[in-house]
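Each chain carries a letter (A, B, C and D) given by its place in the written order, and its residues are counted from 1.
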Amino acid sequence: MVHKLWEKKGEKLLKDVELFETGSDIELDGKFAQDDIMGSIAHGYMLSKIGILSSEEFKDAQKGLLEILKLIETGKEKLEFGDEDIHTKVENLLTERAGQVGKKIHTGRSRNDQVLVDMRLYAKRKLLNIWGEHLDLIDELLLNAQKYTSAPMPGYTHMQKAMPSSAGMWFGSFAESLMDSLVTLKAAYELNDQCPLGSAAAYGTTLPLDRELTARLLGFKKVQSNALYSQNSRGKIESVILFALVQQLFDISKLATDVLLFTTSEFQFFKVDDCLCTGSSIMPQKKNVDLAELLRSKVHVMESYLSQVFNGTANLPSGYNRDFQDTKKPFIEGLELAEQSLRVSYLLVHHLTPNEAALKKAMTPELYATAAAYDLVQKGVPFREAYQQIGLHLDELQKCDADEMLKKSTHLGGTGNLLIDKRLQELEKERAQYVAEHRRFTNAMNALETLTY
Amino acid sequence: MVHKLWEKKGEKLLKDVELFETGSDIELDGKFAQDDIMGSIAHGYMLSKIGILSSEEFKDAQKGLLEILKLIETGKEKLEFGDEDIHTKVENLLTERAGQVGKKIHTGRSRNDQVLVDMRLYAKRKLLNIWGEHLDLIDELLLNAQKYTSAPMPGYTHMQKAMPSSAGMWFGSFAESLMDSLVTLKAAYELNDQCPLGSAAAYGTTLPLDRELTARLLGFKKVQSNALYSQNSRGKIESVILFALVQQLFDISKLATDVLLFTTSEFQFFKVDDCLCTGSSIMPQKKNVDLAELLRSKVHVMESYLSQVFNGTANLPSGYNRDFQDTKKPFIEGLELAEQSLRVSYLLVHHLTPNEAALKKAMTPELYATAAAYDLVQKGVPFREAYQQIGLHLDELQKCDADEMLKKSTHLGGTGNLLIDKRLQELEKERAQYVAEHRRFTNAMNALETLTY
Amino acid sequence: MVHKLWEKKGEKLLKDVELFETGSDIELDGKFAQDDIMGSIAHGYMLSKIGILSSEEFKDAQKGLLEILKLIETGKEKLEFGDEDIHTKVENLLTERAGQVGKKIHTGRSRNDQVLVDMRLYAKRKLLNIWGEHLDLIDELLLNAQKYTSAPMPGYTHMQKAMPSSAGMWFGSFAESLMDSLVTLKAAYELNDQCPLGSAAAYGTTLPLDRELTARLLGFKKVQSNALYSQNSRGKIESVILFALVQQLFDISKLATDVLLFTTSEFQFFKVDDCLCTGSSIMPQKKNVDLAELLRSKVHVMESYLSQVFNGTANLPSGYNRDFQDTKKPFIEGLELAEQSLRVSYLLVHHLTPNEAALKKAMTPELYATAAAYDLVQKGVPFREAYQQIGLHLDELQKCDADEMLKKSTHLGGTGNLLIDKRLQELEKERAQYVAEHRRFTNAMNALETLTY
Amino acid sequence: MVHKLWEKKGEKLLKDVELFETGSDIELDGKFAQDDIMGSIAHGYMLSKIGILSSEEFKDAQKGLLEILKLIETGKEKLEFGDEDIHTKVENLLTERAGQVGKKIHTGRSRNDQVLVDMRLYAKRKLLNIWGEHLDLIDELLLNAQKYTSAPMPGYTHMQKAMPSSAGMWFGSFAESLMDSLVTLKAAYELNDQCPLGSAAAYGTTLPLDRELTARLLGFKKVQSNALYSQNSRGKIESVILFALVQQLFDISKLATDVLLFTTSEFQFFKVDDCLCTGSSIMPQKKNVDLAELLRSKVHVMESYLSQVFNGTANLPSGYNRDFQDTKKPFIEGLELAEQSLRVSYLLVHHLTPNEAALKKAMTPELYATAAAYDLVQKGVPFREAYQQIGLHLDELQKCDADEMLKKSTHLGGTGNLLIDKRLQELEKERAQYVAEHRRFTNAMNALETLTY
């Protein structure tokens, strides 16, 4: 256990209190090791540029920090109870290894802006993974939409049979929903992409820090300017990010809810491959799609992370408040959950097959009532009268050729005009944007390791 | 009371049930009258273009609908218990006034896509007001930030005095926070800006609807393509909008929390004009800033609207479900609350004056401890040692010239370099974008009234 | 518009601000008229007992207050924008009608404790209605459980067929769930049943108020003692009440979810009477159980009321804060919603009929796999081996006599031993407790009208 | 890794999916080891009584299970990825150690009722700790209330000075709030105190299980009767428990909020002992009450656990759904958090000292305005006139003898009549009830280890 930065003389925090205050946080802080060290390298380089470190000192710091990173990544150094946090741990280790420069590296910053930078970098790494998984899931949905464009499927409203639809329309609906969720995801990415380093405890410093330099080195799009706002954005930007993840899980949850309904033995519209199913400890016959149940549930898990971060930071006075610490756990868990959920959602869609025979059988005559009314409309009967006329003779409705019927809905977004190709083109554009952003960030991170004069 | 569209023979809904199902909804639907009628004009025009209405019929419909709108706006027609909803009411009134075309106007749509269009148009109108108020609030904050750039003020962390700050930094922090909230607001506006008309009950129709035409007439940026997704986006897009409003109130709530703390008789950092204060029924001496208390609270009101919409629609199967109806009330109330809250927040900021004497008096020596450490740093002492040295001699710290101290923080975003002018320039760009969008929408709405062949 | 109690000289609140601060509150306050006036009568009587009012003055006040109540109830006096609140309105009206005593009636209290009393009395009235509806719903469920005890029905886990169950077990499960919800409801009733009157603004007064007397007159079980706690319980007790209502809607929502699933054309397990169904504007064939959809949704509406009240009051400093005002609307709407939802839930259960033929047909062989394993167990095969053996020969399972199978589950709570009679007896005891409490409260209220020396 | 109970032939769950499904659950399940094994001993004993196990087999099972418990408690057996859950792990270990009886122990139960029993027993253990800590915290608050009964302290409304109060009233208010929170805590304890064992997968079994025997052996107050309700109560009873914990943290959060306000250098009303304070990495002078900040925050953490459990289970169809699994983590974390928070809250209260000099100094004249009005009232001036008269001459108000003033508020719950002794007596009764319940449960658990014929 290393000593705390602020401990003097014989002061000691009660152990129960320390446990309460830092317990699980220590473990979480470990996830930021890479981000913390990259932040310190950039900060150190900037300090050397404004004359607070010599170029030699910077090189020692860089070397020492990269070694410490390796020690942590290989498990040779570990955060433990009593270590306070990752920042203190790294500072102390650096002082042990590289001497004086360890005592200088914290110049011009506070743990307040340091943890902010760490969380932004961590979030960026995770969001890039999530963004990629998100695009893959859309891709898989669109491929299924294309493959099953002409597979008839009853459309439901109020959980009752309503009008003819298709498996293609069903797959496609989730793809478009996720396309819209990209808008919130990218807005969240953008808000996260600003560098708080140099805001210090929330009020800046009297040192001539070059904040634009550190922002650039760390791959941020801009500096988060007003120093107090940097702190006040804690909870705020995390909320925007978590809300974007909630949106993704909203889409996934609806998909999972449908899958569970449509795979009941009463519906049998879809089949989920055995490699995704589990059994029962008491009933020998059971085959359950637990995966879809857990995906249905995750939207609530994610939403509780959002509300935890949000409610815990709303109503706080300006400036840093320790309450912020409680945002870390739900934020980290949320980012990890989204990444994992998107990946297994891809697997669910990949291993989901329409049961075309059952779907066709389910295309019963009442589904065509509206189309029958429209036939009358096209003969000049006002719709409301046609509607009433059909309503009085529902028993005369006949089963139609479902395939033909799908093709008759030719307007934009109808079963006969789903525009999947156009969606695939849009997806390619999205992917190009993603790849460019991914490269930009990765390059910045790599450059930090070899930064030199 | 008009008859319900689907009522036949002697079927009657139990009165208790009807009350439960439509109660407050009828009143809310009245707010959509304008939107519903504009939607019907656009839809009718399109129907005439694809040959379902004659051009005469369209003109009759347009005339009749505009008259009905006037009747509703002047209170001569009112939605009442038993009317089911605004759509049925208008259709029935139109049939009364214009005959056959009333029975034809619903051709090719469902109340499902109709209410969606209404809500999108209503949201647009409200969001444009909100967007404007949002910009005004930023403006007022920046003007104050500029005015009080050099007014010293203690900066707090953990609610304890930390480092020197300024009233300018404090005002500016909220301006920047609201600048970031514009990103979520505009993303929400964009997602709302797609036209669901023509998706019908969720599965399109067998009629050759020209969805691009109606979208264009109604001023939408694009068609919401996949018909099923249009319905599945209920709850989703409302959530994105409400979350953007939650973000605004998050900023406002923090401002209000600070105002309440800083206007206590113990702090006395700010004064709120009497025209915003209220008294007590029992204590003759009281002067309370109730406005700030209610603004502190509203973030939770808004968040509950969000959670109501969100949780009520997550986990629903695909397609229309009546649960959607419960999204209307929180959605409408949320939009109205945001508009009102932004306006009075402007008033609060406008009538808020720093008490410069009290602020200066509060600039006690301990605020300069870090600056003192940095002085040692600039003499070559490693920061961690400087920090410890100062820590051991806190009682020797001296009151500094606060004005001078503020100027010494020259890095980007520090008290001496708040960049308010740059922010004001950015605001002007934002305002130009807003004005253009406002004009685009207003023009589209006006054009519908005079649409002709 | 009457003048505000604290207005002096030319002070005026900005109109936008007043609108923001009291807008919908005025309308809500009207709901407390009866409670406010009963509170004032009790308070006045106590003041006369401690010598602040003469007995004549009390009689004038009592007479005047009862007249004012009648005027409000018959709509001859109305709260309007500008009236501030019900308390000010009534005080001013009383002064107009009864002179001096109007200026004395507020002695020894604050609007802070007055609104608390009003809300407690209002809540009590509503909770008594809710409690009664709650018992009726359990009753109807138990009667159905009894009637359909031997109607076989597949039991599901993971939404897949699992084991034999019965319609009786299904109805009974909701009855027992609601029995448990009574525990939280009664705990909430108990916490609400304490009198805050006399706590004044939150710190009591220097007058020798007899708080036990007013508590007794108003039918409260006890005085809420510590004056500061009375205020601090705002939000807290409302939350406990709203949570109890959330519990009820949790039960109802699950019932509604099942009804919607089991009335799909794919399941057809239950039929809902036409008097509860609605149609579609576009599809002539539709018959939807909208009622169940809205009941499924209401749990989220209620939960958002709870979160609004809860989050809006958590983290407030001690004592009255104006934020409390925002608890009124969700609290009132929550109580009204619960009452209404319970009533229509009763109707839903009343008009719900198992389709016994469809249920029997659905009793397919795989439901008996576990019973088959148990047959082997009873022949001495260890369960895990029996389970595996059956699992390998699922295709040999046979359709059993479902009626016989139900009877074979004889353990407590099994299909053959549901103990409905015992539940009905427990319900009778609950009803007796309810009736006694209802009478106690009604008697107290009536006595206030005729209170004399 | 042991094999899964339902795995046959070559079926294999995809690894990504298995990770997603069981990841952190495995770790959580370890917390139930003791509960799972006690449940199995009771179940085994019952099976021997109804002839499914021989008495020898029961003894082998009991011995084996207790050994397995010891192995797990000492870390010699550990749940790992691939183990599915604690139930499967224990069953497999028992089969390894004790042979045939391992294959029989699952007779007549499902993992569905088994995990329910585990969670109920776990919750009981934790709730008993929490209940005890809760009483200790009240005790400490009452002792402080008693000690500082006559220490004057300004009372606030709207965060502005309002009327005279005392440190005793302040401490006492939290004690009474927590007394009320005991009502919800005990209601939650009661609902948790019913035994679901024997409900199996949700539909009971065809075996003659003696459910009353197992309930009694495990120390439950009653059997949870209807088998389906047992499953349907998942999420419900956990919610009731978590809500009770939310109530506790509501009280604690308000206390912490006050502490943070009252320990600012502007107020200085209280002092927190250094053993609870922490420092800053950048500002040498800082001394922060982080503990209070984190306690202020925890109410939101707890509330998010509640909403996660609640929203994740509302709207699910009847019977077991895998979504239930996601209730475990927030439920366990919530119980642990409450226990820990109560303990450190005790420390906070214990180490909190009123700064009597500062408090006295803060008793400024405006606090006495209402008392001055009451002086006029007692001379016959109607209150409303007295109020106005004082309001016009606020500057003539004089500083009073605060000690005297406190004594003048003699009504029940006023500063001169706080009834702390009565509260202490009530607390003793509560403690006696707690101790009895604690003993009852501990005895039941101990008896299971030595259960014999």
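The rule is short, and it goes like this: a residue touches a chain if its C-beta (ideal position, glycine included) is under 8 Å from a C-beta of that chain, and two chains touch if they have at least 3 such contacts.
Model, not experiment: these values are computed from the prediction.
Novice: More C-beta contacts across A-D or across A-C?
Specialist: A-D
Novice: Which chain's C-alpha centroid is most distant from that of chain C?
Specialist: Using the mean of the C-alpha atoms as each chain's centre, the farthest one from chain C is A.
Novice: Between chain A and chain D, what's the gap in Å when you average each chain's C-alpha atoms?
Specialist: 32
Novice: Using mean CA coordinates as chain centres, what's the gap between chain A and chain B in Å?
Specialist: Those two chain centres are 24 Å apart.
Novice: At what distance in angstrom does the C-alpha mean of chain C lie from that of chain A?
Specialist: Roughly 38 Å separates the two chain centres.
Novice: Give the residues of chain A touching no fewer than two other chains, as numbers and ranges.
Specialist: 5-6, 106, 112, 157-159, 162-163, 200-201, 261, 280, 282-284, 286, 288, 290, 293, 296, 300, 303, 307, 311, 314-315, 321-322, 370, 387-388, 391
Novice: In their shared complex, at which residues does chain C touch chain B?
Specialist: Interface residues on the chain C side: 4-7, 11-14, 16-17, 19-21, 87-88, 106, 109-112, 200-201, 274-284, 286, 288, 290-291, 293-294, 296-298, 300-301, 303-305, 307-308, 311-312, 321-323, 325-326, 330, 340-341, 343-344, 347.
Novice: Enumerate the contact residues on chain A facing chain C in the complex.
Specialist: Chain A residues touching chain C: 157-163, 260-261, 263-267, 280, 282-290, 293, 307, 311, 314-315, 362, 364, 366, 369-370, 373, 387-388, 390-391, 394, 397.
Novice: Across the complex, what residues on chain D touch chain C?
Specialist: 5-6, 8, 52, 91, 95, 100, 102-104, 106-108, 112, 155-159, 162-165, 169-170, 172-177, 180, 183-184, 187, 190-191, 198-212, 223-233, 235-237, 239-240, 243, 246-247, 250-251, 253-254, 257-258, 261, 296, 299-300, 303, 307, 310-311, 313-322, 370-371, 374, 377-378, 382-385, 387-388, 391-392, 405, 408-415, 418-419
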